[in-house]
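There are two complexes below, and they share subunit A, which is joined by subunit B in the first and by subunit C in the second.
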Partner chain A sequence: MKKPSLFRNLLLSLLIPCAVLLVLEIIALAKGVRLFVNADSWKLFFRAVANVTLTTFALSINLDSGRFDFSLGSVSMLSATIAGTLSQQWQLGPWLTLAAAVCIAAGLGLIHGGVYVLTRIPPIIVSLGMALFYEGCAFAFTGGKGVSLVTRTDIIGFSQIGNYILVTAAAVALIVLLFDYTRFGANYRALVSGQKIAVETGIREVGNALGCYAVSGALMGVVGFIGMANTGSQQMALNFGSIGIMFTAFLPMFIGGWIGRYINRRIGIMLGAVSMALISLAYARFDTASSVQSIVSALLLVLFLIYLNNEFAILSRFRRKQEVKS
Partner chain B sequence: MGKQTWKERIPAFASVLGLLVLIAAYYIVGAVRDANVAYGLKAIVNQSVVVALVATGAVFIYTLGSFDISLGAATGVSALLGAMAYNATGSLVIMFLVCVGVAVVLGFINSSLASVFNLPIFVTTVAMMSVLSAFMLILIGWNGAGDTVKVKARDVRPLDNIPFKVFILVSYIALCWFIFTLLPTGREAKFIGGSPVCARLSGINEKKLGIIASLISAVGIGLGAFLTIIYAPTLTKDTASSIGMDVIIAIVFGGMPVSGGPRSRILSAVVGAFSMGFMTQIMSMLNLGSGYGQMIKAAIFLLVVFIALGSQRGKLLTR
Partner chain C sequence: MKNMKRILSLALCLMLALACIPALADAPVKIGVLVADATGAEALAFRAYYEHYIAKAYNVEFIYSEELNTADGEKNAIDNFIVNNCKAIISFSSVDRPAQIEQCDAAGIYYAVATGTLTAEEYEEFKDYEYYVGAIGPSLDTEFRVGYDMAAYYIDQGMTKFGIFGGAVPYRTDMHIYRAAGMLCAMIDKGGEGAAYQGVTDPGAVIGMIYGTGSIETGKIGSLELMAYVGGYDFDDAWFGKLAQMAGTEGIEAILTVGSGVDVLGSFVSGSNVKLATVDSFTAAMGEAMNSGIIDYVAGKFATSIGPIFVATLNAVNGQPIRDNDGNALALDQGYWVATDAEQFAQYYAVDSSSEDPAYSKAILDTYVPAGVSYDDFAAFIAQYSFDEIAALKK
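Now for the complex of A and B:
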C-alpha cells in the first residue's frame, strides 16, 4: 500500500484552520472590516488559542479514557482564587503566581483523582461532586467576593502575545512529550485502547489515572491564571456556574480528532483551537451578539459531528457522483 | 441464591435512607433553631417539585444509557413561550398547552437529530443547550419589556398551591411508572441501557425508543415549565438554568446508576429531588453560607452515591 506523503498530511492537517480563515476573511471583506486590525486583535486571538488549547487538552486527557470531567472550570476558578490571594499577600510576581496556580490546580486534580480511585464511583458523578465542592471552596475562601488584582500591573502585564505563545508552545510540547514519548504515555494509550488487558499485563491503572487528573488540573491552573491576569479579577460561581468553560472544548476536540488522522493528535487539537480562536476573533470583530455566537458555535459543532458520524456515507455518495460524471 | 444480609441490603435502600435521615435532620435542626418548619416544608415542595417532574421524565433517557444536559434550557424556553402565550391570550389552558407543546417539539428535534444523523446524544444536547439558552435571550429581547417576561402574579395565584403541584407531580409519576413498569417500553429501555448490543440483536429499535424516551421526558419538562411560571411568574434568562444539572444530581442521589440499565427506577428521581430540597433547606436553617453549604452538599452527595454503589466496585476503575 502506498504510504501517504508527509506533504499531503501536512496540507490536510492545515485544511480546517485555513478554510476557517478563508471563510472568515471573505465575510470580513463583505462587511468591510479586517480580522487582524491591531495588536488587540492579535492578543485576543492568541489568548483564545492558549485558553482553548489547554482546556481541550485537559478535557480530552480524561475523556479519551472514558472519564468525563465537569470539574475543569471549578479547578481553574479555585486555583486562580488561591494563587491570586497568595500573590496579593506575598507580592508574588506573575510567573510565581502562575507556578502557584499550576501547583495548586495539579493538587486539586490529584484530590479529584484520589476520590475517584478510592471510592470507585463513576467518574462523571465524582466530577459533579468535585465541581460543587471546589465551587463551594472558592466561594467560602473569598466570602463570595472573588479576588481582585486590578492594582497589580505586573500580573495584568502578563497578558501579552509573547506570553500566550510561550505558554501554549510549552503546554503542547509537554503534553506531546508526556503522552507520546514516555512510559506514562505508553501506559495511558494502552489503558485507553484496552483497559482490562492493560491492567492484566501489569500496568498500574490507579497511578496513571491519578497522573492524568493531576496533569489535567495543572493545565486548568494555567487557564485560570490567564483569565485572572486578563481581567484583573477572579469572579465566583456556584451551582455549576463554572462548567461553561468545558463546552468550548468540544469542537476543537473533535476537529483535533479529525486532524489527528494526518498529524499528531495533540497538534491537531491545537490546530482545532486555532480554528476556534479565529471564530472567536471574528465574533468580536463583527460585533456579534452573544446569543448569535452561541447559536453559530452550536451549529458548527452539530454540523461537524454530522459530517464525522456520517463521513463514510457522505464520501461514498460524493465518489459515486464523480464516477457517474466521468 | 443465599439470603441477603442487612449489609448487602443497605446499598439498595441507601438513597431512601438518605432521604429519611435528611427529613429527620430537618426537623431536628428546625427544632434546635426554632425555625418555621411548616413554611420551610412549603419551600421544599416548591423547589423540588419542578426538579422532580423533569427528573422523573429524564429517567427514561438515562435508563437508555443516554445523557441530556439541555433539560434546564428546554424548561426555560418552554416557560418563556408559555408565559408569552398567556400574555397574548390570557388563557391558562393555552399557557399549559404551549409549555407542554414546545417541550415536546424540542424533545423531538433533539432525539431526531441524534437518531437520524447518528450523533452522540450528549454532545447533541450540549449544542442544544447553547442554542436554547441563546434563544431565551432572543425571546426576552423580542418581548421588549426589559430583561424579563412577566405574567401577572394574581392571575396564576389560584394555582400556586401545594395540593395542585403535588397532584401534577403524582399524576405524572403514576403515568411514568405505568409506562416504565407495565409496558414493554420500560423493559426495552432497561434492556438497551444494560446491554445495547444484545438489545439490538433481539430486534429492539434503539432509535425509536430514544425518540419515545425524549417525548415522555418532554412532557415532564412542559409540566415543570408550567409550574415554574406559576411559582415565579417573572421569568429571566436564568429561569430554570440550573435544572439540567440538578436533574443529574437528583437521579444519581436517588440511587439510579447514571449508566442506566436494569437498576433504573422511576422513583429515584423523586427521592433525589426531595433529598436535595431538604438538604438545601437544612443548610439555609444552619446559616452556613452559600460556599460551606455547597461543600457539605457535595460531600453528602458523594457519600450517598458511595454507599449506594455497595459491592458493585470491580477490580478495574469505573468508566
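Now for the complex of A and C:
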C-alpha cells in the first residue's frame, strides 16, 4: 500500500485555512477592503487564534471522552476575576497574573472534576451546576463589580502579537506533548477509544478524568487572562451568561477533526482556529452586523457537519464523475 | 376539668395572638424590585443604596428579582413578589411595562417605574390606574439632551472627528437611541452650513432613522465627521476588533459612548490622545480612569436618584399617594450629573458612594413622607436634581 506523502498531508492540512483566506480575500477585494490593514488587524487575528485554539482544546479534551462542559466560560471568568483582584492588591505583573489565573483555573477545573467523579451525576448536569456556582462565586467575590485594570498599563500591555503567538505556541506544544507523548495521554486515548476495556487493563479513569478537567481549566485560565488584558476589565455574568464562549469552539473542533486525518489533531485544531480567526477578522473588517455574523457562523457549522456526515457519498459521486470523464 | 381545658386553650390562644401584635406592627413593608441588570456598576450602586441605606433608614425590606430580559420573566417575578406578600413593586425592567402595570393593578399592589419613564401613549393609558404610583427618571428628552451635551462639549473645544459607540442601539433600546440621536443632532447643529445626517436635520427624523436601521452611518456632517461607529454588546473577537479599529482610526479625536465606555473601550484608548466620553455611573473604577486620563467626560445617574421614587411608593403603600390635581400618577423627569474633570468626579463620587450620608439622605426624603405632600412640591423637589441643588437641600 502506498504511504501518503508528507507533502500531500501538509497540503491537505492547510487546505481549509487557505481556502477560507482565499474566499475572504476575494470578498475583501470586491468590497475594496484590506483584511490585514494595520497592526490592529494582526492583533485581532492572533488574539482570536489564541482564544479559539485554547478554548477548543479545553472543550475537546473532555468532549472526546463524552463529558460535555458548559462551565468553561465561568472558569475563565472566575479565574480572571480572582487573578485580577490579586494583581490589583499585590501589584502583580502580567506574567505573574497569568500564572495565577492558570493555577486558579486548574484548581477550579479540578474541583469540577472532583464533583463529577464523586457524585457520578451525568457530566453535562454537573457542568451546568458548576457554571452557575462559579458565576455566583465571581459575583460574590467582587460584590458584582467585576475587576477593572484599565489603568494598569502593564496588564493591558500584554495584548501584543508576540505574546499571543507565544501563548498559542506554548499551549499547542504542551497539549501535544501531554496527550501524545506521555503515559497520561496514552491512557487518555485508550479511555476515549474504549473505556471499559481500558479500565479492565488497569487504567485509572478517575485520575485521568481529574487530570483532564484540571488541564481544561488551566487553558481557560489563559483565555480569561487574555480577555481581561484585552479590555482591562472583567465583567460579571449570571444565569449562564458565561456559556457563550463554548460555542465558538465547535466549528474549529470539527475542522480540527477533519484536518487531524492528515496531521496531528491538536495542530489540526489550531489550524481550525486560524480559519475561525480569519472569519472573525473579516467580520470586523467588513463591519458585519452581529445578526449576520450569527447566521453565517451557524451556516458554516451546519454545512461542515452535513459534509462530514455525507462525506463518503459526496466523494464517491465526485470520483464516479471523474471516472466517467476519463 | 373540661371547662378548665377550654379556659386554658383560650388563654393560650389569647397569649399567642397578643404576642403576634408587636411582631405584626414591626413587620417591614416588603417591596419587590424588578431588575434587568444585576451586574452593571449602575445597577449595583442602586441596589447598595436601597439595601444598605434605605432599608436601614425605613422599615422596609427589598426583595430583588433575578436579571430579567423577557416579558415572561417579568411576569413570573411579579407572581413571586405577590406570593411573598410584597406591598409594592419598583421596576428597573422595561421589557413589557404595560403588562407589568396591568398585572400589579389586578393584584392590588403598587407599581412604580425607577430611572425611566413611560412613553406619552403609555402614560395616557395608565395614569389613572389606582395602583400605578408613577415614574421618576430621565425622560427620553433628557436622554437626547445628555447625548447632545456630550457631543457639544467636544465640538465646542474645536474637535471635528468623532466615533460613536452605540451600545444597545441594534437592540432598539430607547435610551441608547435617543442618546446617540442627541450626539448626531449636536453635530448637525454645530456642523455649519449644510450639516445633515443622511440628508436629514430634524431630530425626529434622525431618531426615526436610527430606529429603522438599528445602526448609525458614518460620514461627514457638515464640517464635522463621524469617522467610526460600533454598536451592540457581542463580546466576541470580531466585536473587540471593531472597537480596536474605531479607537485606532487615523485622525479620530473623541469617542462618544452611550454607555459602558470605559469597560469596552478603556484599554483601546489608553495611552492615546483620543478622548473618551460616556454615560455611566460614579464608581471607584471610573474615578481611576478619570484620574489617569482614560476618560474625561462622565454623565452619570447618581445612585441615590432612586430615593424619591421609593418615597412616592412608600407614601402610596401608607395610603397617601402623591397624585396631580387631576388624580393622575407621577411622571417626573430627572437628569444626570456630569463630571468633566477628576476633581469634580471625586466630589460626586464621595457623596454618591456614601452609605452614611448619601445625596438623598433620610432627612431630605422625610420631608416628603408625611401625609398631604402636594404634587407640585414633590415635582419641585425632583426638579432640583443637580449636585449643587441637592447639596443646597441638605443645608
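In this section, the second predicted complex is superposed on the first by the 326 of 326 C-alpha atoms of A that agree within 3 Å, B and C clash if a C-alpha of one lies under 4 Å from a C-alpha of the other, contacts with A are read in each partner's own complex, and residues count from 1 in each chain.
The definition used in the following text is that a residue touches a chain if its C-beta (ideal position, glycine included) is under 8 Å from a C-beta of that chain, and two chains touch if they have at least 3 such contacts.
Bear in mind that the values here come from a model prediction, so they are computed numbers and not experimental data.
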| item | value |
| --- | --- |
| Superposed partners subunit B and subunit C on subunit A - clash or fit | clash |
| Touching partner for A:T248 - first (subunit B), second (subunit C), both, neither | second |
| Which of subunit B and subunit C A:S280 touches, first, second, both or neither | second |
| Which of subunit B and subunit C A:T151 touches, first, second, both or neither | second |
| Partner chain(s) touched by A:C137 [first = subunit B, second = subunit C, both, neither] | first |
| First (subunit B), second (subunit C), both or neither touched by A:S290 | both |
| Partner chain in contact with A:L238 - subunit B first, subunit C second, else both or neither | both |
| Which of subunit B and subunit C A:R266 touches, first, second, both or neither | neither |
| Subunit B versus subunit C as contact partner of A:S159, first or second or both or neither | second |
| Touching partner for A:K43 - first (subunit B), second (subunit C), both, neither | second |
| If touched residues of subunit A are counted for subunit B and for subunit C, the larger one | B |
| 3-11, 75-83, 237-245 or 255-263: stretch of subunit C that collides with subunit B | 75-83 |
| Footprint overlap on subunit A, where subunit B in one structure and subunit C in the other make contact | 139, 143-144, 238-239, 289-291, 293 |
| Subunit A residues touching subunit B - in the complex, by the definition given at the top | 65-67, 115-117, 119-126, 128-130, 132-133, 135-141, 143-144, 195-196, 199, 205-206, 209, 238-240, 243, 247, 250, 289-295, 297-299, 301-302, 305-306, 309-310 |
| Subunit C - residues contacting subunit A, complex | 38-39, 41, 44, 66-67, 170, 215, 232, 234-242, 244-245, 248, 262-264, 266-267, 270-271, 283, 285, 288-289, 291-292, 294 |
| Touch list for subunit B against partner subunit A, complex | 113, 117-120, 123-124, 126-131, 133-135, 137-138, 141, 242, 245, 248-249, 252, 257-259, 289-299, 301-302, 305-306, 309, 313-319 |
| List of subunit A residues in touch with subunit C within their complex | 38, 40-41, 43-44, 47-48, 51-52, 139, 143-146, 148, 150-151, 153, 156, 159, 229-233, 235-239, 244, 248, 277, 280-281, 283-285, 287-291, 293 |
